[in-house]
Each structure stands twice: as structure tokens, then as C-alpha cells.
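There are two complexes below, and they share chain A, which is joined by chain B in the first and by chain C in the second.
Our next item is the complex of A and B:
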């Protein structure tokens, strides 16, 4: 631990109060849905504890329609393999509830294949945030029923064409 | 790039440990800001049957229920920030387990229940859930006894729903099928439980009302090793048709026993929804034993946008097509979830009232469909009522909590069949197909 954690600890001490790390795991519908996806994107939105805990449906509907609003964090598009197990850690996270939105798509970001959202808050020793991904209305047309020729290994080591 | 980064193995641990150390040292690490329980899951019960007469269909229906659960959870959950957590109960198609399963639901803290499929089990569980004010929605229980169960209670004490229509209508369809097949001396062979008894009696009434002479009506127990006695009773009366109310296991045994008779009478068979499943063909064994076997069933796979959205999602997630009544089980979970969302609470009476609101028109904000549950939740969170359009068809719930949908008359075609068919459900694994021979509008049946 010490060699890796020491710089982080020193940095945190230097800036004063700490933020909590948040571990995020994406739960894909199945392996095939993962293989059909090429890119993923994570967005985090602050939500009002009083009336914002139910923000997910609107955020998902908007995001699938291409309106990403004003997220606090945006991972931008990144290879889907970079988002699989053991997941993502946000290491600089402020207090309070947030909505974690995850999207997966092929080369066309306008046609989202999978989407999911979960409200959670970051605090010390909080459990990992698991986001369930579900096929969008675009999935069937975009994929067309043909199975991916890739395996998990070949897709993520770049040997699958 | 943003403040997102991927950390693996020791690095993730390092960050976590560093964060914890820092929090302990500085005293200003992030703390929970929400009251305890704010994001706790909402527990609902789901039924399946891995044994007995519905052992092949039960797991497929459970998949459809879990599909709806995952769709809701991918939209952030059923109540603000609160996911659905499920407790799965295996009823083994055994009515004797019903009361214990109902008690398990209460112990698990379930606020709603989707199940069971067999009417006798649904009613046994409802005897526990209804007094406890826990809404219960069955996908597939079609017994008229369920209508009677609700009718015996004032509206405010009715917590049992279903997304399949009553057999009182299907009995009418059986009689129409018998007329199509030119039957004049039909026999009726049926299960002796809460599903089969009222259904068999209703079929007898409808056949007689349509001018046919019912030569015998024989009730039988489920899951017997042999039905030789029953089929001999039927055969001795010389019927020209046999209407059978059974599930796949007992139906398969009956057909094998019939074929084992020394000189089985030449009859036309008419089954019902309980055998329109691939497992029926497996149980019969030889597909040629059921060549030209006809049957009736509610239409649960109409080519509507709602059904297609459900079926697309089912195939995407599970890689196979949904079986009959899978759409009804998806709808049952959807209605329960949207009811909880609309109520804004897990309080039983409030959820019960909200289920009626989301199931039926008129909506304040327009209809929402199966496969678009995030959209439905968004509308509800915005304060609107919705009218849920089910994958299985009309989910408008009537006064006795019944729904009304169209019916089909189907025919089994073995793999070698050359019979033309415009709309066939292929069963896979060289098992042949169910052909949709005729559709009947249920509103016409009520007149």
C-alpha cells in the first residue's frame, strides 16, 4: 500500500479536507451486450437531496436522446473495455448524493445501445456503486441480431477485428 | 479529461486506504448526508416453478419478470433512489406450499408479489397477502375463482390482480373451436384444482349451450404417474372430441396413455393455454401423437409496439424468444413497479389504488408502453398519471380486477407437417410449431 498511497495521502494532506473515493461497477445485461458495445461514457450529476433522488429516469431518457445536460463529471467517450471489471474509481468526490449515468454505444454516440443510472452518495467506507445497464430502444436495430465474433479476451486485447 | 480514472488492484486499495486515513486524521471526510434508509431497496417477491406441471415454463416466466426489474433498476429504481430487490419463491407448482410461501413473503418484508402462475397457488398465497394488504399480481392465473375471490370483497379490500383474462371467456373460445372442428359429442377432461374445476365446468356449459352433447366430464389430479383409468372412462363413452384442461406434464401423460389404449377412438383434441408451451411437446415425446392437436389461449404476443419492445429486450438479454405469458409476467412487474412509483410509497392500500390508476385510462400525460419504463417513471416523477400499455395487450383493469384480451385458436404442427400456416411459433430443437389458426376478439365473446 505504502508506495502507491503515500503520494496520494501527502497530496490530500496538502490540500486539506478529503473527498471520498467512489467505486463504480457497470452491470451489463450479458456478455454479448458488452461485446456489441465499443465505447462507454460515464456522467455524474449532483442531485438535490430534497427532491432530486428521483432524477434518474429523466437523466436516462435525456442522455439516450443525446441531451447530456451539465454533468459534474464526464468521462468522455472511452473504449468499453476500459469500463469493465473491476470498474471505475472516482478518487476525488464531493459530499452528497449524485446520479451516476452510464452509456454504451458503437461508433455512433447518437445510437446508445445500453444505458443505466443510479443515485448514490460518496462517503467513507460506502459500498461500491453498481449501475445496471439495460438495452435501449436503439439496440435491436443497431445490432441486428448478429452475434459479435469477439470474445471478451479478443475484444479487450485488440485482436478481434 | 475529467476526474474519472480507472484504477486496478492495489491502486484502488491504495486510494481507499489513503482516503480512510485522511478522513480519520482530518475529521472532515465526506459523511452520509441522507437519512438512513433513504436509498434502501424496495423488496418485492417473484414466483417461479421449477418442479411440477409448470416446471419448464416457470423459469422462462421468471426471466420476463427479472427483465422488468432490471429495466426499472437501470432507470434508477422504483422510488427515488431506491432500486428493486427481489426475493424469488419456488412454488414447485404445488398448492400445498402456498400458505408457507405467503408467510415467507411477509417475513422477507416484501411490499408486493408477482405470482403465481397456477391459479390454485395464486389463491393460496392471496389468502395471506390480501389480509396483509400486499398487492399481488399474477401473470397467468386464469381461473374464474380469482374473479370470485375479489368479488367476495369490497373494492377497498381487493389486493389481487392479474394480467391474464379469466377462463370464463376462454371456455367460450373452446366451444367455438369445437364447432370449427365439427364436434357433436365432446368429452371434457380437466384438472380438479382451482384452475381446472371451474374451467372444465364452464367448458361443459358452453358446449351444451352451443348444441353439443357432452358425453362425459372427468376431473383428474395433477402429476399422477398414470391416467389410464381416466382415459379409459373417456374412451368408453365414444366421444368425437376431447377438450382437455391440463398443464404440460399431466397432458403429456394423458396423451401417451390415450395412445396406449388397445383401440383408441379417433378424436379431435382441444387443449387450452396450459399446454401451449414447448414443454408440452417434450412431455408427449412423439410429436406425431399430437398432430392436428388444437387449443385455445389468450393472445400474449400481438404485434404491437409494446410487445415488440418487450420481445426485443428479452431476446437481447436472454438470446431466446419469450414463451406465451412471458409478456404477462413482464407486465405484472411493470404494473407493480409503476404503482409503487405512482403511490410514492410502499404502503399497500396506496399502491393498490395506484396500480388501478396506472393500468387504466384516462391518463393525464398520455400512454406509456412496455419497454419504455424509464419514460413511464419520468412521467410519474413529473407528477402525471400514466396509462400503461402492456406487452401482453390491454392491461386495463376492471372492477373485479380482471383484464380482457383477444384469444387465439391454435394448432400444433409437427416438424414434418406441410400444413400451411400464416403465423407460426417455432418451438426450436426440431419440435415443430404452434400455428395461430384463428383470432377472436374478446369483446365479441362478451356479447
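Our next item is the complex of A and C:
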């Protein structure tokens, strides 16, 4: 009995001290736009609450042009499905306003297909931060109107070639 | 027979170790000739170093600088401009020594103008393509200097790299057994020129880059003892220490939160569709 109780007690202590993560929802225009992407990248920039709340347009423009500046957090290039499951986690995240920038592309990180940004404040028990992903100027050329043959499941479980 | 084999192995090992040293030799001669203001010897030795195919990025940069300066001094202005342009592709901030005369500097300035007009830079980026268990490499080479790409990768914590070489192209996929399920992989990538010199290196065998995700399954390491001793949880002292420690941690956390308003949290991504 005591043998079983020990790990449970330790787990209860650990869980009791941990905060639930703040959800960062990346909203793609539709499933097809997600399927057309192969890689994703999340970047988080510190924002000055006095004058940085309108930072998104410049950050997105720079990121799409290949200039990522100096993010506080950078997920690096990840397979697009990793953004969904298990998701990308930034631990040890300080409270306060940040600009959350998300990029999605195929094989060329210089040709971003979709990009989005949201300035939001993350704090304990904060509501989900939603970043809306918009097609960039590269999207139409890269996709060319051809729908992806994959489904969400086949793409992310590796059965779609 | 075995003795001959041992000698052959020793010779092969010596040759492998001596390779880089031999490659440096012509570059050292080129430096010496440059110090002696013998531009013809500088150019010839630098060309020999270039053709050896064993230069690292820093040596290659210096070789192109020596080639540019010596060619300019010998009046071979087109060649000098081409060498300087290659130098600037490798190091966009490269500056010529102050001692270089204005006449020899002219092709460098032309090359700088040509370089400025062309955007982008030589770069390489790697990631895991779990769906196909491959290391995915993206190469950008606006200089058109890259000929081959060497990709070496192993699962994190492994000992041996799987090394593969490919013709340079914008997108490469190097198979790596186990990459589909591994949390992270260690890799290094080398972009090679026509002669086999390293134009660009990301990581190295002893300082690899790491790519992947945070480990998804915590390794608890809760192996059963097995030496026949009684479990620690049956010792009352364990519970006294555990409860005392829990009280201390709880108090510390409470105090910390109270004192420091800027607490630390975590952020996790998810995906949704439709506006």
C-alpha cells in the first residue's frame, strides 16, 4: 500500500505546483492550407507595453522577408504536424505582453506560405492566445491551385506520400 | 602477411591524420609569399591550396582573399574580381587589409558592388521529417558555388554518425533510421565546393547541432531495486523527510510567488481551422 502511495503523493505534489499551460491556437484559413505546409516555426518577441502593442505588421513583414530579428523564444523549424500534436511548448515563460509570430512553409524557409502574429499577454489561467494565419505573397505560386492529396490524418501519421 | 597489414593500416591512419596538415601547407606558403610581396608565388600557392579540397571555411575565405589581391597585383583584374566576389559570398563583411594599394583594391570594390546587388546568402537549414524518417536539409546557394552537401546525423546520445553526401540542390532528405520516433537528433552539415573545400559548416562532429522536440515521455528511471533490500518507502524516516521537504517546498513556492509577481508559466501550441 505504502509502496503505491509514494509515487502518487509525489505526483500530487508536482501537479499541485504546476500551472496549466496557456494555449496558443494557430488558426489556419482551412484544412487545405495546413496540408499544403510541411514545416512550421513559432517565434515569441518581447513587447514593450508602452509602445510595442502594434508591433505585429513589422514583425510579420520582417519574418516573411527572412529577417527573424531577436526572438525571446524560437521553436526552430518543426514538422507542421508537430504544431498540432503534441504541440510546441515553451516552458519557463515570463508573464507579460509578447508578440507571438507563427510561420508555415514547405521546403524553403525563405518562401513562407502562411504567417500570423498576435500581441497578447500570457499569465496564469489566461485565455487561449489565437494567432490567425494568413496566406503570404508566396502562397499562390507555391500551391498553384492543386489540392493536397493528403488528409489531416494521413499527413500527420506519415501514410501520405 | 599480418605485419604488412599492420603497416598498411598505420600508413592509412597517418595519411588520414596528415591530410589537413598537408592542405595547410600551400596556404602557409601563400601567406609567406604574400609577406615577401611575391604575388606570383602567392597566387600559385593559394591556387594549390584551393585545389587541395581540404580547406575549412576560414581557410577558404583567406585563400580567396590572397587570390584576389595577388591576381589584382598581377593585373588579372577579371580573375581578381571573381575571387573577391567569392570571398564576399563566404564573408559578406570581409574587408581588405589597409596595406592593400588602391590599384589592387579596385576589383574588390567592384565585387562588393556586385555582391550588394545580389540578395541572399549561402545558408543551410535542417529539420526532421518524421513521416519519412529523414533529415530534411534546405540549401540556399545564390552564389552557385556549392557542389555537394555532406549530411551527418545520429539519434541524440548515439555514438556513430550516419554520413551521406549528395549533389547540392535546394532540398535534400537524408535517411536516418529511427528519426521517425526519436525526440531529437544531432547533426552537422557541410556544404562543399567544386574541389571539396567546406564553404559552410553547420555544427561539427564534436559540436553537433540538435533539432527535434522536447522529450515527450519522461524517463522515470524507477527501476526496481533487485538487491533484496527493503523498500525505502517502508522506512518511517523516509516519510518524515518527505513531508518535511514538501512543507519546505510549499512554503518556498508560496513565498516566492508572493515576493515575485512575475511568475513563470508555459505556453503550448495547438491548431484550428477556419476563420
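Everything that follows uses one rule, which is that the second predicted complex is superposed on the first by the 135 of 161 C-alpha atoms of A that agree within 3 Å, B and C clash if a C-alpha of one lies under 4 Å from a C-alpha of the other, contacts with A are read in each partner's own complex, and residues count from 1 in each chain.
As a working rule, a contact is a pair of C-beta atoms (placed from the backbone, for glycine too) under 8 Å apart; a residue touches a chain by one contact, two chains touch by 3 or more.
Remember, it's a predicted structure, so these values are computed and weren't measured experimentally.
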Inset, instruction - Scan A:79 for contacts with chain B and chain C and give back first, second, both or neither. - result: second
Inset, instruction - Would you sort A:39 into first (chain B), second (chain C), both or neither based on which partner it touches? - result: second
Legend entry - Which superposed partner A:158 touches (first chain B, second chain C, both, neither): second
Inset, instruction - Please work out whether A:107 is in contact with chain B alone, chain C alone, both, or neither, and reply first, second, both or neither. - result: second
Inset, instruction - Identify the partner contact of A:148: answer first if only chain B is touched, second if only chain C is, both if each is, neither if none is. - result: neither
Inset, instruction - Return first, second, both or neither, reflecting whether A:26 touches chain B, chain C, both chains, or no partner chain. - result: second
Inset, instruction - Applying the touch criterion given at the start, work out whether A:58 contacts chain B, chain C, both or neither, answering first, second, both or neither. - result: first
Inset, instruction - Once the two structures are superposed, pull the chain A residues common to the chain B and chain C interfaces. - result: 5, 9, 13, 17, 19, 21, 23, 29-30, 42, 76, 82-83, 86-96, 122-124, 126, 132
Legend entry - Residues on chain C engaged by chain A in the complex (per definition of touch): 120, 125-132, 136, 138, 140, 170-171, 180, 211, 213-214, 216, 222, 231, 233-234, 242, 246, 249-250, 253, 261-275
Inset, instruction - Show which residues of chain A lie in contact with chain C when the two form their complex. - result: 2-3, 5-7, 9, 13, 17, 19, 21-31, 34, 38-39, 42, 44, 76-79, 81-84, 86-96, 102, 107-110, 122-124, 126, 129-130, 132, 155, 158, 160
Inset, instruction - Sort out for me which residues of chain A touch chain B in the complex. - result: 1, 4-5, 8-9, 12-13, 16-21, 23, 29-30, 32-33, 42, 49, 52-61, 73-76, 82-83, 86-97, 99, 115-126, 131-135, 137, 139-140, 143, 145
Legend entry - Contact set on chain B toward chain A in their complex: 1-23, 25-26, 28-34, 38-39, 70-71, 73-77, 79-81, 83, 309, 312-313, 315-319, 371-372, 374-375, 377-378, 381-382
